[in-house]
Amino acid sequence: MTTPKSQGRLVYFNGKMVPEADAKVSIYDSALMFGDMVFEMTRSFGKKQFKLREHIDRLYVGLKILRIPLQMTPEEMERACYETMEVNDHLFTADDEHRLMIDVSRGLLGIYQGIEGLHKGPNVIIADFPLRWTVATMGQLFDTGINAVITSQRAIPANLLDPKIKNRSRIFYLMANIEASQVEGDNNWALLLDPDGFIAEGTGDNFFIIKNGVVITPEGRNILRGISRDYVLHELCPQLGIPVVEKNIEPYDVYTADEAFMTGTPFCMLPVTALNGNPIGSGKVGEVFTRILNQWSANTGVDVKGQIQRWDAERGDVAGASAPTPYRFKSK
Amino acid sequence: MTTPKSQGRLVYFNGKMVPEADAKVSIYDSALMFGDMVFEMTRSFGKKQFKLREHIDRLYVGLKILRIPLQMTPEEMERACYETMEVNDHLFTADDEHRLMIDVSRGLLGIYQGIEGLHKGPNVIIADFPLRWTVATMGQLFDTGINAVITSQRAIPANLLDPKIKNRSRIFYLMANIEASQVEGDNNWALLLDPDGFIAEGTGDNFFIIKNGVVITPEGRNILRGISRDYVLHELCPQLGIPVVEKNIEPYDVYTADEAFMTGTPFCMLPVTALNGNPIGSGKVGEVFTRILNQWSANTGVDVKGQIQRWDAERGDVAGASAPTPYRFKSK
Amino acid sequence: MTTPKSQGRLVYFNGKMVPEADAKVSIYDSALMFGDMVFEMTRSFGKKQFKLREHIDRLYVGLKILRIPLQMTPEEMERACYETMEVNDHLFTADDEHRLMIDVSRGLLGIYQGIEGLHKGPNVIIADFPLRWTVATMGQLFDTGINAVITSQRAIPANLLDPKIKNRSRIFYLMANIEASQVEGDNNWALLLDPDGFIAEGTGDNFFIIKNGVVITPEGRNILRGISRDYVLHELCPQLGIPVVEKNIEPYDVYTADEAFMTGTPFCMLPVTALNGNPIGSGKVGEVFTRILNQWSANTGVDVKGQIQRWDAERGDVAGASAPTPYRFKSK
Amino acid sequence: MTTPKSQGRLVYFNGKMVPEADAKVSIYDSALMFGDMVFEMTRSFGKKQFKLREHIDRLYVGLKILRIPLQMTPEEMERACYETMEVNDHLFTADDEHRLMIDVSRGLLGIYQGIEGLHKGPNVIIADFPLRWTVATMGQLFDTGINAVITSQRAIPANLLDPKIKNRSRIFYLMANIEASQVEGDNNWALLLDPDGFIAEGTGDNFFIIKNGVVITPEGRNILRGISRDYVLHELCPQLGIPVVEKNIEPYDVYTADEAFMTGTPFCMLPVTALNGNPIGSGKVGEVFTRILNQWSANTGVDVKGQIQRWDAERGDVAGASAPTPYRFKSK
Amino acid sequence: MTTPKSQGRLVYFNGKMVPEADAKVSIYDSALMFGDMVFEMTRSFGKKQFKLREHIDRLYVGLKILRIPLQMTPEEMERACYETMEVNDHLFTADDEHRLMIDVSRGLLGIYQGIEGLHKGPNVIIADFPLRWTVATMGQLFDTGINAVITSQRAIPANLLDPKIKNRSRIFYLMANIEASQVEGDNNWALLLDPDGFIAEGTGDNFFIIKNGVVITPEGRNILRGISRDYVLHELCPQLGIPVVEKNIEPYDVYTADEAFMTGTPFCMLPVTALNGNPIGSGKVGEVFTRILNQWSANTGVDVKGQIQRWDAERGDVAGASAPTPYRFKSK
Amino acid sequence: MTTPKSQGRLVYFNGKMVPEADAKVSIYDSALMFGDMVFEMTRSFGKKQFKLREHIDRLYVGLKILRIPLQMTPEEMERACYETMEVNDHLFTADDEHRLMIDVSRGLLGIYQGIEGLHKGPNVIIADFPLRWTVATMGQLFDTGINAVITSQRAIPANLLDPKIKNRSRIFYLMANIEASQVEGDNNWALLLDPDGFIAEGTGDNFFIIKNGVVITPEGRNILRGISRDYVLHELCPQLGIPVVEKNIEPYDVYTADEAFMTGTPFCMLPVTALNGNPIGSGKVGEVFTRILNQWSANTGVDVKGQIQRWDAERGDVAGASAPTPYRFKSK
C-alpha cells in the first residue's frame, strides 16, 4: 500500500487531474471555514462502482438544500468519476477495490475572492483510493461482531443540522468515537441516540435489528439515509423474502432483538453482537445477517467478508509501521 | 487591495512560511472530513494585536476538549503569530490592520497516514490579511444599525455541539445567514435562538441589549464566549461605570430594550436598531452604545468606526469587480 | 361587492336574523376575554354547501372538549345554516358562493351576567358572505404556486393548546403571517413547524407533498384536521387511485418532493412550488396536483380554479379602494 | 348591583361613549377571529386609579410587538380612561372602586373591510365597572387561603405565545380553571407549570413564596409580569425591608416554603395555604403576607381585605339570583 | 379472607417455603436500597395460571437489562411457581384464584455482604394470595366505568427509566394515584401522559380506545407492555375479527373515541367511560368492550366480571374492618 | 469487621431493637412494591453524630411531600437514633464511626393489610453499622482523584421524580454505575447530566468545581441537596473566606475548571481529577480542595482522609474474602 506505485494516484480537481498529495483546499474555502462541503464516498465490487448514481443523486440533494450553486450536471459528475478511476486503475492491484470520495465545497468565502491564484466558485474533487485502507482492522469483526456503545454524545436532530445531508459539520461524530474508545474491549463502535432517546445511527453507519424474522431500522429522520441501508431494505431483503420495517427503536428493542447489524459502504454489513457489553440474542453472529450478507456477495460477485479478511491478513504480513491506524478503535 | 503587492502575503504553515495561495489543507485532513479544526481570528489596532493571548488560550481549551494532541506551546504559538505578521507587514498599507486566522486541525485521519508527501500530526496554520476585507460593507451599519432577524434555524445547544469551542462544524451558521438574507431590506443579520427559545448569538457575533442603563447579554452557555464580549463586560463597562448582567434573554426583552448591539472581533461593536423590522428603543443608534464604542477607540488609539467607514469609502472608489462580496448580506 | 345590495346581508344571531353590521359580541363575552369560541367556516359549490355536516360535527367536538354547554342540536344548527343562506341568497350574484362562518362562544363570563340587555348562555352566530372576499388575490397562485416560508414562530403543540379544536386563541397564526410577509417576494405563505421540527400546517391550511406518486401529509396531531384535507385523503385520492400516507414530514422531505400543495376550504387546493425560495420538484405546478384539483371540480360541478381567477379578474375591474386587503400577503 | 342605576354605565368606544350593553365587537374583527386583542384591567383605591400609566405602558408594549398600528398616544389613552370614569362615577356607590378594562384590537380583517357601517382600523374600548363584581366570593379566601392546584394543563412557553403580552389567545387558562374546579374542596385555584416543570403563574395571577424571610417569585419569563407583582417586588417589600428574589421555583420549593401568596390587580394579594391539598408552612395565613398586605392598605388608604370582605357580606344580603357566578370556583 | 386458614399461606423464598408473614427482605438488599427488583404479578382462571410463561419471559428480559445475575433458569422459575401454588392451594376457597407475585432482587449490596445470616446473591420470592384482595371494590366499575384522570404527574420516559422493565422504582405511580384521588367522584383512576403529551398508561394498567370499530392503544414505548394488553391485541381481537392499531394517542383521540378501557392482569378489562369527567362516547359501557370481555371469559371458562362482582358482594357481607383498603381510590 | 462481636448489632424497628439480620421488610410493603421509602444515611466524627437534625429534617420533608403519615415527631426520631447507637456502641472498635441508616416506608399496601403478623402503618427503621464498610476502597482516591464519567444514563428531572426527596426509586443510579464501570480504569465514578445537559450529580454524591478561587456547584434542582454540600457551601467555605456560587454548569465548565470534587456523607469530600479521562486543571489533587477538607477535619476533630486510608490499609491485612465489594467500581 505504501509502494511508490500506489503513490502515483491522481485526484480530479475542478476538471484537472492532480497528484493525490496536491489535492488540497484553500484555508479560505467555505469547506474549511464552516464545514460547508457536501460529499459522497463509494466503493466498487470487482472494480465496478456500486450505486454510483444513487450516491451522486444524494450529493445533489445536499447541494440544493445548502444552495451551493454547482454548474456541473449529475451526468458530468458521473463521467468525472469514471475518468478518475480510469487514470488510477493501473495503480490498483488486482484484488483492490476503488473507493471514491466526491467532495463539493461552496468555494472561497466572498471576502477572500480577491486573492489571486485561487479557484473561484464551488470546488469539485474526486479522489480514488484502495478500499482496503478504510476497512483495515475490520476483518475480525465479521466473526466477533461489534459491541455497540451508546455514548453520552447524542445525535444532532435534523431540525438543527440535517444528517440526511452528507456534510462535513460533524465533529460530534469524532467526539462519540473517542468516547466509545474509552470503554473496555476492542470492538466498540459508537451508537448515537437522538435527543428523544431513540437510536439514530453509528458515526458513519446505519443500525438494524432483527426480531422474529423482521429486519427493523430507525426511521429515516435523524440519520443519514445510507445507500447500503436502502440496498438492504429495498433490494436484498425483498429478494430474500425478509420483511422490513422502519420505525423508532429504543435500547430495549435492541436488548430483546434476535440479531443486530450495521451497514456502511466500505464494509457493506457488520454484525453487532452486543449493546453496552450486554449480548444481543445469542451473542453470536446471526443467521439472518449471514443470509443477507451472502446475498450481497452473490449479487455483486465479491465475497464481501472474505475479501476484507484477506486484506486484513495481508496487512498483518507487512510492517506494522505502515499499517493505517483505525480512527474508530482504541490504539494499542 | 488586489495590487500585486498584497498578493505577496505569506502564511505560517507548520513552521514554514508559504505563499497565501498555497495555504491549503489535504482533502484527507480531519478538518475537511469532520469540520475538526479549532481556530481563532484576531485583529490589530494600529497594527498591534489585541488580546492575542486570550485568543490563544481559548484555542487551547478547544484543543484540549477535542483531544487534538498539539505539541506546540501557547508561547510558541504566540511567537509564530508575531513572526507571521513581521514577514507580511511590509505588504500592508499604513492604515491597514492585521487580521490573523489561526487554524489547528487534527491532521490526516489514521487511514490516510500512509500517503506520502503529507504532513503527519496536527496542522498549525496562521494567515495574516487586511482587516478591511472582513469589514467591507459594514461602514454604513454604524449609522443605520443592523436589523437582527430571528431565523427558524436555531443554535445547536452546547450539550450536542459546544459553541464555546470555536470549531468549523458550523454549517448551520451559513444556513441562518442565507435565511436572513431572504428578508426584505439590506441590513439583516441572523440572530439565533437556542432550542429553549432564548437568544443565543449571531452567526459569528455576540448580542447585547441595554435596558435602564444596564448592559445585558445572554449567559455564556449556547454561544461562543467572544473576546470582544469579554472586553465589553469586564473592561469597558466597568471603566465607564456601566453595570453588566449575563442572563437569559428573550425576544420580548429585546423589543422592550432601550438599545442593542452586536460585538465581533473585526468590527468591535455594531448597533442593532431593529429586531425583525420592529425598532428597538428609538430605532436609532443609542447613546450608551456610542459611549462604549468611543471608549474602545480611546483605549486602542484607533477610531474604530471612522477607520471602517474610511475603508468603505475607499472601496467605493475602486472598481466594483474587485470588491469583496459580503457573505452575510444579500447580493444586489 | 360594496353595492348597497350586498350590504343587506343578515346574520343568524341566537335565533334571530340581524343586519351584518350589527353582528357583534359583547366585550364581556368569554370569546373576547379568552379567545373562547369554537367556529367553522364553510363554502358552497354552485351555492350548495359542501360537507356542512362534517363541519358541524367538528364544531361539536370542540364544544364538548371545551365544555361549552350548548343546548342546540347539530340538526338544529344545520337547519339554522340553511335558513341563513335562504334569507341572504337573493343578495348573492349568480356566480357567488356562500361562505358561512359559524361561531359558538361560551357567552358572558359569570361575573358579568348581571348586566342587563345581554344574552345569557352561549352565543350562536352564523354569517353568510361571498366566498370571493376570502379568495381575492389568490387567482394567480394557481399558476405561480405559493412559496411556503418556514417561520421562526412555531406551532403550539396539541398538549398545550389543541389545534384540532378550531378555536380563536390563535394570535400566533397572525404573528407567523407577519413574519412570512417580511420575506422578499409576493407569494409567501407561512408554514409552521411543530416544536419537534416536523411540519405542522399553514396558518389556516393543511400541507401536502407528493413523492413518487404518493400523497403525503403530516399526521393529524399538531394541526387542524381540515375538512378539505379529509376530502383529499379519503375521497379524491382513492377515487383517482392515488395512495395517501399520513406521517411526520420534515423540510428535507419537502425539498426532495416532486410536488406540494396546501388545502383550505375557500380555495380547495393551491400548489406550493417553493420552500423558503428553493424550488420544489420542477418548481412548477405539478401534474398530480392538477389531477386532484380537476377531480374536485368535476365532483362539485364547479371549475375551482377558473371561478377564483374569474373573480380576481372582475375585482381588477372595479376601483382598488373597494378591494379587500389580503391579510396573508404583504401590502404594496 | 343590578339596580337600574348601575345599568346606565357607558363605555368608551373609539372616541364615543356608548351604553355598556352596546359595547360590542364585530364578528369580523381580528379580536374575535384570532384572539388578537391587547388589553389591561385596572382598579382604583378610594376611586383613584392605581398604576394606570404602568398598565397603559404595558398595553403599548403589546401593541408594538403584535404590530397593531394604533394612532392614539399613551397620553390620549390615559385621558380617555379618566373621561370614562368621570361619566360613570355617579353610578358607583361611595364604597365602590372603578375597574377599568382597556381593550385594543387590530380591527376588521382586511377581507371584511368592505362591509359598511363598521369601524375601520384598531378598536379602542374602555369599560368601567364596579370592582366588587370581580372579587365576589373572594372575601373568605383572605382567611382560609387558596389551595393552589397544579393542573395537567401547562403554561404555553413564551417562545410559542408570549404571556408577557396581555392578549386574548388564552383559552388554556379556562381549561386549567375547569380542571382545578374538579378537585375536591372550594378554594382551588389553578397553578400552571411551564413545560420545564417550573412554576409559572396562576390563570390571571402571579405566585410568590416566602422562605426564611425572603419573598421569592418565578422569573419573569413564562408569565405575565403583573403590575401588582412589580409593586410587591419593587415598592412594598423594599419599603418593609423584605428582600426579594426572582428565580425558577419548583413544587418542592413551595412544599418547603414558610408562606405563599398570589397577587392580582382586583384583590391585590391572597394567601395560598396549600399546594395540592398539602399545607404550606403552618397551613395558615402567614405573617409576612399580612405585613405586606397591610402596607398595601396603608399606602393606598384602603383596607384591601376589609373592603372585599364587606362587599362579600353585602352580596350575601341580596338575592342569590343576581349574584355573579365566579368563573374560577366550582358552582354549588 | 382473614380466617386463620388463609393465614397459613407459604411463600417461596430462595428455594424454601416460609410463612407469608416471614417473607421479608433485608434492609440492606438492593431492592430496598435502589428499588432494584424485577417482578411479575399473575393470576389464574379456574385456578389455572394464565400466560405464566409470558410473565416469566418478561421477568428475564428485565433481569438481563438490569444485569441481575440470576442462576435460575426460566424453567426452574416456572416449576417454583407451580410448587408454590400447590402448597397453598388447600387454603384457597373453591372460587378463589391464585395471584402470584414473583420478585427477583439483586440481593445485598456489596458493602453489606459481610453481615452474617443473610442470603448472598439474588433473592427469588414467589408469593401466592387470593386474587380477590386485589380486585376488591372493583366490581361496580364494570357497570359504571372508570373516570380516567390525567394527572400533572407524567410518566418517566423510557430513555430515563424504562417502564418496559417491570421494576420497583416507581414511586411516581403512587404520586399520580394520590393526585387522582383528590378529584371529586369515586371512580377516578390516574392516566399518565408521557413528556411529549401522548397518553402512556395507567399506574399499573394499559389504556385502549375504540374508534369506528378499531381497537387502538399507545405504542409500546413509554409503557409496560402488559401481558393482558398483548392478549387483547394479538389473540382476542383477531379471534373476534376486530382490527387493532398501536399508535400515539392524545386526549383529543380519547374525547372523540366511541369507547375506552383499561387492561390489567387482576381484572382483565375495565371500561373507561369518562376522561376528566367528560363522557367518552355514550358515557356508558360499550358494546365492543363487552364483546372482548365476554370472549375472554369464554376462552378461560371464568365469568370475569361475574366473579369479581360476586367477590365484592361477599366482601360486603363481612365486617368492614377486615376489608382491604383499595390504594387507588379515595378513602371514605 | 466480620468478627462475631460485630455481628451482635441491633436495629431499631418500629420501637424495638432487633438483630441486624432480622431487620427486614415485608414483600407487601409499599417500599418494596413502589420504592416508596424515604431515608437518610448519616455518619459520626469521633462517634458523635454529624448534622443529625439536618438529616432528620430532610427526611420529614420527604415524608410530607410523599404524604406518608408518620405519627412520630422529629424529636422522637432523633431520640431513637441515639438509642440505637447506644445499644450498639460497645460493638464498635475505638476508631470506628457510626453510620446510621434511617428508613421510613409507607407500610403495607391497603390490600395486604389483612395479613396477620405484620406491622400496620409506616415502618421506621434505624440501622447502625461501621462507616468503614461504605468507604472501603476509597482510600487511594484521596491521592489519585476520581475520574468522573458522564454516562448516557441521565438524571430524571425533578418534575418527573424529585431527587430532592431522598427516596428508593432510583434504579437508574445503579444503571449509571454499571455504565461507568465499563470504562477503562479503576477510579471511574458516574456523573449524571440532567435532560438539559447540565451537570446534575453523582449517584449518591454532589459535584463541585473550583474556578479562579470560587467554589461552584449545580443549582439545587435536579439533585439531592446533600447535607455535606450544604456544609461546604454555608459553613466551611465562608469559614475559609472562599466564595461559593450555585449555578448551572456544563462539561465545558469542568474541562476549564482549576479543580473539582465530590461530596458525600461517608467520605466528606473526594477530589475529581479528570472528566471522561481528560485531566481537570493540573490533573492532580487541588490546593483549595485540600484546604476545605483540612478545615473539615479540624472542625470535627477527625482526620477524614487519614482515617479512611487507615481503614483501607487495615482492610488489606485481613483476608480478601471478607472484604466488602464496592458497588461503584469494577470488580477485579
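So that you can tell them apart, the chains are marked A, B, C, D, E and F in the order they are listed, and the count of residues begins at 1 in each.
Everything below uses one rule, namely that contacts are C-beta pairs under 8 Å (C-beta built on N, C-alpha and C of every residue); 3 or more make two chains touch, one makes a residue touch a chain.
These are the chains along with the protein names UniProt gives them: A, B, C, D, E, F = branched-chain-amino-acid transaminase.
Predicted model, so just to flag it, every value in this text is computed and none were measured.
Q: If we define chain centres by averaging CA atoms, which chain lands farthest from chain D? Would you check?
A: For chain D, the chain whose C-alpha mean is farthest off is A.
Q: Can you compute the centre-to-centre distance for chain B and chain C, using the mean CA position of each chain? Integer Å is fine.
A: Each chain's C-alpha centroid was found; their separation is 46 Å.
Q: List the centre-to-centre spacing of chain C and chain D in whole Å, with centres computed as mean CA coordinates.
A: Chain centres of chain C and chain D, defined by C-alpha means, are spaced 33 Å apart.
Q: In chain C, what residues contact two or more other chains?
A: Where chain C meets two or more other chains at a single residue, that happens at 67, 159-160, 193.
Q: Report the topology of the inter-chain touch graph, choosing from line, ring, star, complete and other.
A: Chain contacts: none of line, ring, star or complete; other.
Q: Return all touching chain pairs.
A: Every pair of chains meeting the touch criterion: A-B, A-C, A-E, A-F, B-C, B-D, B-F, C-D, C-E, D-E, D-F, E-F.
Q: Can you list the residues on chain E that touch chain A in the complex?
A: Interface residues on chain E, with respect to chain A: 61, 64-65, 67, 157-160, 162, 164-165, 221.
Q: Help me check something: in the complex, which residues belonging to chain A touch chain F?
A: Going through chain A, the ones touching chain F are 150-152, 179, 182-184, 193, 276-277.
Q: Can you list the chain D residues touching chain C in their complex?
A: 1-2, 7, 11, 19-21, 23-28, 30-37, 66-67, 101, 103, 106, 109-118, 125, 127, 129, 133-134, 136, 153-156, 159-161, 167-175, 178, 195, 322, 324-327
Q: In their complex, what parts of chain B are in touch with chain D?
A: 193, 196-197, 248, 250-252, 255-256, 278
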